[in-house]
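Shared between the two complexes below is chain A, which has chain B as its partner in the first and chain C in the second.
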Partner chain A sequence: MIGEIAHFLSLSAVLLLSLVLIFNLAFFFTKIHPNQLILSMRLFNQACWLVFISFGIYVYLAISDDFSIAYIASHSNSQLPIFYKVTSIWSAHEGSMFLWIVFLTAWSILFINSLDKSHPLKKLTLLMLSVIILGFLLFLLLTSNPFERIMPFGALEGADINPVLQDPALAIHPPMLYLGYVGFVISFSFITAYLLNGDFELKWEQDIRNWSFVAWIFLTIGITLGSWWAYYELGWGGYWFWDPVENVALMPWLAATAFMHSLFAASKSNVLKTWTMFLGILIFALSLFGAFIVRSGIIDSVHSFANDPERGLYLLSFSGLITLLALTIFAYRLPALNSSKLVVTGSKESFLSMNNILMITSIFSIFLGVTYPLIIESISGEKVSIGPPYYNTIFAPLILIAAAFIMISVDALWQRSMPLKALLITIFAPTMLSLLSLYLIWQVTNIFSILAYIGIFSGSLILCSYLTRTINNFFNKKFINKGSAIAHIGLGLLFFAVSMNSILSYEKNLNLAPGQSISINDSVREFSFNDIRVFKASNHDVISAQVSLLQDGREISLNPQKRKYATRGQITSESAIHASVLKDTYLTIGDQLDNGTWTFSLKINYFIKWIWFSAALMVLGMLLTIFKKKAS
Partner chain B sequence: MNQSLRFLIVILPILVLVFFAKVLLVDEDIKFSNFESKNFPSFELNDLNGDPVNTESLDGIKLINVWASWCITCLVEHPFLTQLAEKNIQIIGLNYKDSDSKANAWLQRHGNPYLFSIYDPRGDLAFDLGVTGAPESYLIVNNQVVGHIQGELNQTKWETIFLPLITKAKQGS
Partner chain C sequence: MLQVRKNRLWKLITILFLSAGGISLILFSLNSKLDLFYTPSEMLQADIKSGYRIKLGGMVKNGSIKRDGTIIRFLVTDFIKEVPVTFEGVPPDLFKEDSGVVILGYFLNGMFEAEEIFAKHDENYMPPELAIDEAKV
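Presenting the complex of A and B:
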């Protein structure tokens, strides 16, 4: 019964949103009624609240183990802790789509109510947001209804959440990612409204600035959490796999990063406005593309949900429709938009535009990497796999050029060209320092890899230029943009850590019987497999190995586990990780062989924590930027 | 210039849309309906442990699964293969264009559902067999290739394509 109420509330939201559309379209042809906006706003707000309440009830149903609801019955279990009963809602397609829509609604209601009543774009933005929410609500209710009952009798017990998803990082990874994805609905709707409205004297940058920045923060956290979760829970041992689903999250992130930068240029010196609008539309279009890739089952991936062509078609048509709508209006208004103001060569915004081009190039390369196998398959029927070598080769040169431009732009000025002498001074110290660090790394490690060295060099260029600049400014008591400096240092650190990780990390496969011990190399002098134990935990059986390592003169104890979950019979591998500042020691236990020995995979991962840390720096830099602007 | 740019901004997304719609709408079943059985190509290779294997190792009903450690989709279908192995389906791996150390490490980490895996680093056997990539699966009945699936092997494909063939083969014998 309660389930039906929630279902009914969602349907009512559909009705109210349709009313918003009908009213506005009807008034479009007649003269504007003074109360039109007030009425639409009321209907819209009520629709949003209905969605929230409906989701709230759904959470209650999940907590109270209502297994007559098909979705809850197949993804939750009465034995689960309450926390995972709630997170089981977004462990598969229907529920996660519901959450996606709740976030979409939340962003929309917050933004539209923050706009002043007399804001000239309020009505059109409201209209755009209503269309988008309505489209996705219909998608949910028509093709992926989470409220569906098992008729005539419900299940007695739920089928349990997939054990790899029973993890705190995973519980927050999808919500963060979705908050980021759908947050860009604001820039999308607002820019489309601006283009529809046709008054190009209007200032629009400030209204969506912080909204987009906050969405960017969520997207960054979401992607980082996903990478972290894959590293320590999935037992993949790496942090990034160029999996299609990772790629479709990275594309909007790159577009959003480019958007933020050009938004700066647009508000500082009145250039790149058209380009910024295009990016604002592109981010959300790419987010929708991501939703389509993951939820249509068109690409095989560890992330893909159940395959259903009907859903894919609906998502494709609806996402395509609103993207095309926005782009058509953009193309139509393009001649009127072109500002006569040109970017000054050698100014800050010129370097910024160059990096914008690089970011678009990376987006296109990733897009090609994701779609190329599909294109080849549909032409010749052949299956091809595109893996890390493709992306590494493409990204290395792009990163190097981007780093060079970031380095120069540190000292460049808005709207003014940079004198050659100043440019040379700017690049001298960082380049020399970076070459020196490359030489030192080569001397210490004795390893050479062209791609990794490009990455290290690029990372150090950024790090060194910001460090010299910070020291300089500290002594000359000059202003430095703290947010930007911290975020870019984060980026430099990321390039550096990723490259160092790729050349230093190694993997050993071992084969030992309990009680045996062997020596591996100068760093890991002794690897002792002391004992293996089997015991029962609440909903799974555990095989736990007791391993001690003598690493760099210190004794480390590691307990990698294998778990067999009772309900689904699924076996998961829990890696044991010992973390130090420079490296992680990562141990996974494999199968038992016929002769009674067990297989282990020992991975030494260098600089892996620095990768998460650099992402945290970028987020921190962004936060500083938001709060600095609010204070001024 | 401006005109063509405006044109492109609208046309390119339309092309992308049409392409994806086409990919979505292609009926997968057409690919499998007209499969002609053929002899399994003869070969002399080693398995991943270094022991020699040849055509004689493929008697009875066997599922040949083409996989590689670099193949992400193989990781996706891996749990399903493990389920099949638990139901006593005999699966033989064809390790395709891979290195034996990486392949063995991959099996250690994710479990080994295969009776053994034929090690085919240059893709010789795969070429004779007509493999286009990984993963692919073949159903072999007494050295005859009777069924073929490209891409991920899952419950649906197993039930609709391979299971009827196995039932037919068992009735025939």
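Presenting the complex of A and C:
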């Protein structure tokens, strides 16, 4: 019964949103009549609240184990802690789509109510937002209804959440990611509304600036958490796999990063305005493309949900339609948009434009990598997949060029060209320092890899240029943009850490009997497999190995585990990780052989924590930027 | 020609050249970095150059997993043909007999040397080709 109420509420939301739509369309060509806007705002707010309440009830149903609802029955279990009962809602397609819509609605209601009553774009933005929410609500209710009942009798017990998903990082990763994805609905709707409205004297940058920045933060945290979870819980031992689903998250992120940069240029020097608008539309379009790729099952990926052509078709047509709509309006207004085309060579905005081009190139390359297998398959019927080698080759040169431009632009000024002498002075110290660090790394490690060395060089270029700049400023008592500096140091660190990780990390496969110990190399002098224990935990059986390592003169004890879950009979591995500043010692236990010995996989991962730390720096830099602007 | 137009023409030519160069670089990179996907029957028929990395998808044959130290040997089947596979290391948790796998590696002298084994989050996963084949049977 309660389930039906929730279902009914979301259906009512559809009705109210349709009313808002009809209302707005009917008054589209008329001037704003105050009552009309007030009424449609009221309807819109009520519709949003209906969606929230409906989701709230759904959460209640999940907590109270209502297994007559098909989705809850197949993804939750009465034995689960309440925390995981709630997170089980977004462990598969229907529920996660519901959450996606709730966030979409939340961003929309917050943004539209923050706009002043007399804001000239309020009516059109409201229209765009209602169209988008309505489209996705219909998608949810028509093709993937989370409220569907098992008729005539419900299940007595739920089928349980997949054990690998019972993890705090995974519980937060999808919500963060979705908050990021859908947050760009604001820039999308607002820019489309601006273009529709046609009054180009109006300032629009400030209104969506911080909203987009916050969405960017969520997106960054979401992607980072996903990578972290894959590393320590899935036992994959890596942080990024260039899987199609990871790629479709990276594309909006790159577009959003480009958008933020050109937004700066647009608000500082009146250039790149048109371009910024295009990016603002592109981010959300790419988010929608991502939703399509993940939820249609068209691409075979570890993340993909069950294959369902009907859902894919709906998502593709709806996303295609609103993207096409926005781009058509954009193209139609393009000749009238007066953006200053005068970009001074050597000015800050010229370097920003260059970096924008690079980011678009990366997005295009990833897009090609994601869609190429589909194209090939439909033409020749051959099945292909594109892995890390493609992306590494593409990204190495792009990263190098980007790093070079970041280095130069540190000292560049808005709207003013940079004298050649100043340019040479700027690039001299970082280049020399980076070359020196490359040489040192080569001397110490004796490993040479062209791609990794490009990455290390690019990373240190950025790091060193900010370092020398900070020292310089300290003595000259000059001002440095803290937010930007921290975020870019994060980026430099990321390039550096990823490349160092790729050349230094190694893996050893071992086969030992309990009580046996062996020496591996100069760093891991002794690997002793002391004991193995079997015991019962709340909802699973545990096999736990006691291993001690003598690594770099220190004794480390590690307990990798294998768990067998009662309800699904599924086995999961819990890797044991010992972290030090430079490297992680990552141990996974394999299977027992007939002769009683066990297999282990020992991975030594260098600089891996630095990768997540660098993402944290980027987020911190962004936060500083937001708060600095708010203060002034 | 007007100077402005001349400049514009040059700009256009430069952009065209640069993007053509970029796209051909990307396509070149794509072609040498593709992993072709085969089922066991397809792989045994196809003429695969040695040193060419491919993906093999199928089911792990029941009773075929043999362990020898850290090396695992097993047969991958599509219920028509089967291919022997060797892998060194710890396979993913969902790797077991009678379930679907995708393997990345090299095919050499009738033996598939696996570099990486992928098993899905989903325990009911089956490579799409096989799911179609089974439905036909």
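The rule is simple: the second predicted complex is superposed on the first by the 623 of 632 C-alpha atoms of A that agree within 3 Å, B and C clash if a C-alpha of one lies under 4 Å from a C-alpha of the other, contacts with A are read in each partner's own complex, and residues count from 1 in each chain.
Keep this in mind: a contact is a pair of C-beta atoms (placed from the backbone, for glycine too) under 8 Å apart; a residue touches a chain by one contact, two chains touch by 3 or more.
This structure is a prediction, so every number in the text was calculated from the model and none was measured.
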Query raised in the report: Clash or fit: chain B and chain C on chain A?
Result: clash
Report task. May I ask you to decide whether A:387 touches chain B, chain C, both, or neither, giving the answer as first, second, both or neither? Result -> both
Report task. Pick one for A:316: touches chain B only (first), chain C only (second), both, or neither. Result -> first
Requested in this report: Could you say whether A:509 touches chain B, chain C, both of them, or neither, answering first, second, both or neither?
Outcome: both
Requested in this report: Identify the partner contact of A:594: answer first if only chain B is touched, second if only chain C is, both if each is, neither if none is.
Outcome: second
Requested in this report: Name the contact category of A:573: first (chain B only), second (chain C only), both, or neither.
Outcome: both
Query raised in the report: First (chain B), second (chain C), both or neither: which does A:559 touch?
Result: neither
Report task. Tell me which partner A:210 touches in the superposition: chain B (first), chain C (second), both or neither. Result -> neither
Requested in this report: With the two complexes superposed on chain A, say which partner A:197 touches: chain B (first), chain C (second), both, or neither.
Outcome: neither
Report task. Have a look at where A:546 lands relative to chain B and chain C in the superposition and call it first, second, both or neither. Result -> neither
Query raised in the report: Can you pull the chain A residues that chain B and chain C both touch?
Result: 235, 300, 302, 307, 382-385, 387, 507, 509, 570-571, 573, 588, 590-591, 599-601
Query - Residue numbers on chain B that touch chain A, as the complex places them - result: 2, 5-7, 9-10, 13-14, 17, 19-26, 31, 70-73, 75-77, 79, 82, 101, 104-105, 107-109, 111-112, 132-134, 136, 150-152, 156
Requested in this report: Spell out the part of chain A that touches chain B in their complex, as residue ranges.
Outcome: 235, 237, 241, 243, 285, 292, 296, 298, 300-302, 304, 307, 309, 312-313, 316-317, 320, 323-324, 327-328, 330-332, 334-335, 338, 371, 374-375, 377-378, 381-385, 387, 507, 509, 570-571, 573, 588, 590-591, 599-601
Report task. Show which residues of chain C lie in contact with chain A when the two form their complex. Result -> 22, 26, 29-30, 33-38, 55, 67, 69-70, 88-94, 104, 118, 120-121, 123, 128-129
Query raised in the report: Hey, which residues of chain A end up touching chain C in the complex?
Result: 162, 164, 235, 300, 302-303, 307, 361, 365, 368-369, 372, 382-387, 389-390, 393-394, 507, 509-511, 568, 570-573, 588-591, 593-594, 599-601
